[in-house]
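Take a look at these structures.
Heads up, the next two complexes both have chain A, just with different partners, chain B and then chain C.
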Partner chain A sequence: MEMCADPSTLDGINWWTCYLTTGKHQAFYASFGTVLLLLAITAPVVMVLGFGGAMARKSKILPLRWFGLAYTNIVRGVPDIIFFLFVPIAMDQGIEYLRHQIKCPDVLEPIRQGNDFVVCSIAKMPLSSSPQWIHEVYGFSLASIAFALVFGAFAANTLYGAMNAVPRAQLETAEAFGMSERQVFWRVQVKQMWLYALPGLSNLWMILIKATPLLFLLGVEDIVYWARELGGSKTSKFTYPHPDWRLYYFAFLMVFYLLMTWASEKVFNRITKRLSHGQATVGAGS
Partner chain B sequence: MKKLIIAAALVAMTTSATAQTIRMGTEGAYPPYNFINDDGEVDGLERELGDVLCEIAGLDCVWVTNDWDSIIPNLVSGNYDTIIAGMSITDERDEVIDFTQEYVPADPSAYMALAGGDVDVDTGVIAAQTSTIQASYIASSGATVVEFASPDETVAAVRSGEVDAVLADRAFLADIVAESNGELVFIGEVNIGGGVGIGVRESDAELKAALNAAIEVVKADGRLNEMVKRWLDIDANY
Partner chain C sequence: MSCYDTLIDYGLRSIGIGARLLPKTDITLCDQFVLIGSGMIWNVYFAVFAMTLGFGIATLVAVGKASENPWASVPAKAFIFVFRGSPLFIQFFLAYELFVLIPKVGIDINLGFATITAETRWLTKAWLGAVIVLFLNTSAYSGEIFYGALRAIPKGDIEAADAFGMSGFRKFRRIIWPAMLRLAWPSYTNEAIFMFHATTLVFFSGFPAWRQSGDALYYASYFADKTFNPFVSYPIIGIYFVSFTLIIITLFGWANKRLNRHIAPEQKIKFRFKPQFIR
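So, the complex of A and B:
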């Protein structure tokens, strides 16, 4: 805006208008989109991984059962912060290693040189010369995968428990009607388990909403990063000097998180109601 | 002048014909060395200097920010190619990465505390940023060190009384003291650490040579002295 050309002459409403529309603030507003996008992408993948993990644990094939058990237990057992540091770096280096082998097999220097991880420049992912947004999308993708893997393991355990919570009598009745094993699973067990899974899944969703500051570990700038960056006290080296305003920025974040919680609660209540229809089990009366 | 010609020749030798893209890694939270300005861009002494060095060396430079804590691991794993973030050259860091020649001379670190307090910097509780020379100095001085992830938090801790004082580069604290209306004061100085250099991967000898040569140029023509004086108020005399 034109009037913002010389902020030191502004005061009152004009100062605020200019301050709240700086490039940095726009990045802050955009980061809300980043967080919502992460949730929108991760949540469905978490459900797929969770369902797959739960099915693997119930599988009749022993190695598959082992795999399901290993996935849920190892991932749940490793502290998030270590997982988030390790998985994306391992994936990134794995991808670059493969690209290095394919794209420049004639480079003889080792990839690991002391502390350094060096691949030829055309094997870099993304290329150093790629625009910054590609680097950001790539980092964001790695972050989404890491998030989905972690939360998928928790979802797998929840769904596994929910599948087992479906009363045995229901399954036996279905068998007595002559349904095959597969039909019993899909038509009776899976249909009914959602009600049991819902409290656990809603917990996971709430945790996922608030776990996004872990994104900054992976170089993705989320809302908490920007709130801290904008709220920190600014000297006159900055165009808009101000004292420590982190409290206000974090209060703003609190409003956002409370709104998200409120909206999620509404949605989950609705789903519970729907799923309880005609069920003489938990949740039906409430 | 002779120095200038040699340096220019070195630059010409080390620069390849095509402009290479170099990703410049910085913290973006340590004014006036580096910070994110209100437009959301990296700004400060290191931005200005870095852009000049890239121009001299014929490199195409892109700026990226990274948390201080993981700034070295991300350099060695290749997420960016340099660390230009007010990083003092120390033996400990030199074992993991390489440094160019210094572009800011060794400058005393300063203690800052609330005015009117009676703080003994050798026994008190002192804040410093994690993994800095100041943090390791305090740990060895007998005082209790409280580490924070970002520079801004160390200052906030002094203001809130959580710690007695903060130890940081004087240039970082200078504006904060000057604009605190007397609330904050310097209470002492200590000489630790060497000059500030650009960190590069140990395997990146070519880039190191190119940057070294470019730094030589700005040192010889006086541009670096002027920049360091203007941003940090330090007389560099290169």
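So, the complex of A and C:
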């Protein structure tokens, strides 16, 4: 906008219009998209991992059952933030280690030299010559994987409980109809479990929403990053000088999260009503 | 340097006792175990104070939410919604910025035998500021748990109390409150576990670690940065947290036994580890 060319002459509403539409503010608004993107990507992955974990725990093969049990219990026994710090850096080093082994097998020096982790330059991930956006996408992907792994364990536990909550009589009826074990599982148990899984899953969704500010800790330029960046006090050297406004920016984020949880609650209440239709539970009503 | 020397130097490092400088080079496994363990002092401190203070308020909030008087129920509902509906991470940031803006003054508090000066700048320190945030947060979560339990109390219990001529506070103190605690205890155990886990957020969100005295995660990430090797320090802190989680389950299990001591064996409520109440 051309009226914003010289902000020092502006006041009142014009100042605010110009201030709230600066390039950095647009990046701030776009970062809300980053958060929603993270939710959109991780939620389906979490469901797949959760289903896999639950099936592993029900498996007839003992090591697979142990794996399922270990996965769900270790992740839940340790604060999630530790996983968010650990998984991305561990993945990063693992990938670089593998690339180092494949791409430059002739380098004989050890990779861990004292306090350094040294791989040859063509094994770097991403390559130091690649553009900035690739670095950002890579960082974001590692963060998504960490989220999916942690919440997959929670989902696995919820779905495992829900599978066991399906009334035994329903499964026996299916068996009596001559269905094979596989058919009973897919056609009856999996179809019926959703109602029992729903309270746990809605809880999980709320937790997932509330875990998104942890993206900031992983170096992703998310809403927390921009709120700190924009809210910090700006001296008269800046185009839009203002005192420390971080309090207001964080208050805005708080409102955003409250709206998100409030809306999710409404949606889940509607789904519960739908799924309870025709079920023999207290919430079923008609 | 032997591991014993390390223990002397760094065992209480997180509360400012012992060696001034953190290990920078030649970091041994012992260094990592001792310093991260020393950081656990902070985690335990935060959890114990927040839970103890939060317990009373949570009861009030629960009774308030269940009340028919809108002057009590609306504020209680709003309190629970705000603290359960927003991330603890943001609550820490917001509270810290708020505490920084409060003018720095000292307030004299007369205790009768002595006068202490409470200074508002303490609020920006983790030992007070973070405890306040955690306390409010756990009050909201536990309040919701207790509210659920209040509504699940068998009608017969209350009718029996009425038949005995109990009313008002006496009925609450002798019948409603113990029944509420008994019903809420398994969920409350989970809340305690996840409150304990949430204490790791303190030094990552706003509250700065003064003179490098931080909690377990602060030291774990310090080592991960210094050695560039996440495969040692994070598993160590993981071990610490799993052991402390088991201790919480044991302690709360004893309390649960006591709360259920008059109940027939088949009606007792068992604790189940459920991650329902993460923030």
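Please note the rule applied: the second predicted complex is superposed on the first by the 282 of 286 C-alpha atoms of A that agree within 3 Å, B and C clash if a C-alpha of one lies under 4 Å from a C-alpha of the other, contacts with A are read in each partner's own complex, and residues count from 1 in each chain.
Keep this in mind: contacts are C-beta pairs under 8 Å (C-beta built on N, C-alpha and C of every residue); 3 or more make two chains touch, one makes a residue touch a chain.
All values reported here derive from a predicted model rather than from experimental measurement.
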{"item": "Combined model on chain A: chain C and chain B, fit or clash", "value": "clash"}
{"item": "Chain B versus chain C as contact partner of A:N203, first or second or both or neither", "value": "second"}
{"item": "Chain B versus chain C as contact partner of A:W262, first or second or both or neither", "value": "second"}
{"item": "Which superposed partner A:V119 touches (first chain B, second chain C, both, neither)", "value": "first"}
{"item": "First (chain B), second (chain C), both or neither touched by A:Q93", "value": "both"}
{"item": "Which superposed partner A:T212 touches (first chain B, second chain C, both, neither)", "value": "second"}
{"item": "First (chain B), second (chain C), both or neither touched by A:M254", "value": "second"}
{"item": "Chain B versus chain C as contact partner of A:V190, first or second or both or neither", "value": "neither"}
{"item": "Chain B versus chain C as contact partner of A:L36, first or second or both or neither", "value": "neither"}
{"item": "First (chain B), second (chain C), both or neither touched by A:K237", "value": "first"}
{"item": "Residues of chain A at both interfaces, chain B in one complex, chain C in the other", "value": "85, 89, 93, 114-117, 216-217, 244, 246"}
{"item": "Parts of chain A lying in touch with chain B, wherever the complex brings them together", "value": "22-24, 26-27, 85, 89, 92-93, 96, 113-119, 124, 127-129, 132, 135, 216-217, 219, 228-229, 232-233, 235-241, 244, 246"}
{"item": "Chain C residues within the chain A interface of the complex", "value": "25, 27, 81-82, 84-91, 93-94, 97-98, 100-101, 197-198, 200-201, 204, 217, 220-221, 224, 226-231, 234, 237-238, 241-242, 245, 273-276, 278-279"}
{"item": "Partner chain C, residues of chain A touching it in the complex", "value": "74, 76-82, 85-86, 89-90, 93, 112, 114-117, 154, 157, 200, 203, 207, 209-214, 216-217, 224, 227, 231, 244, 246-247, 250-251, 253-254, 257-258, 261-262"}
{"item": "Interfacial residue positions of chain B with respect to chain A in the complex", "value": "20-23, 28-29, 31-32, 35-41, 44, 60, 62, 64, 66-67, 70, 74, 76-79, 81, 96-97, 150, 152-153, 155-156, 159, 175-176, 179, 201-204"}
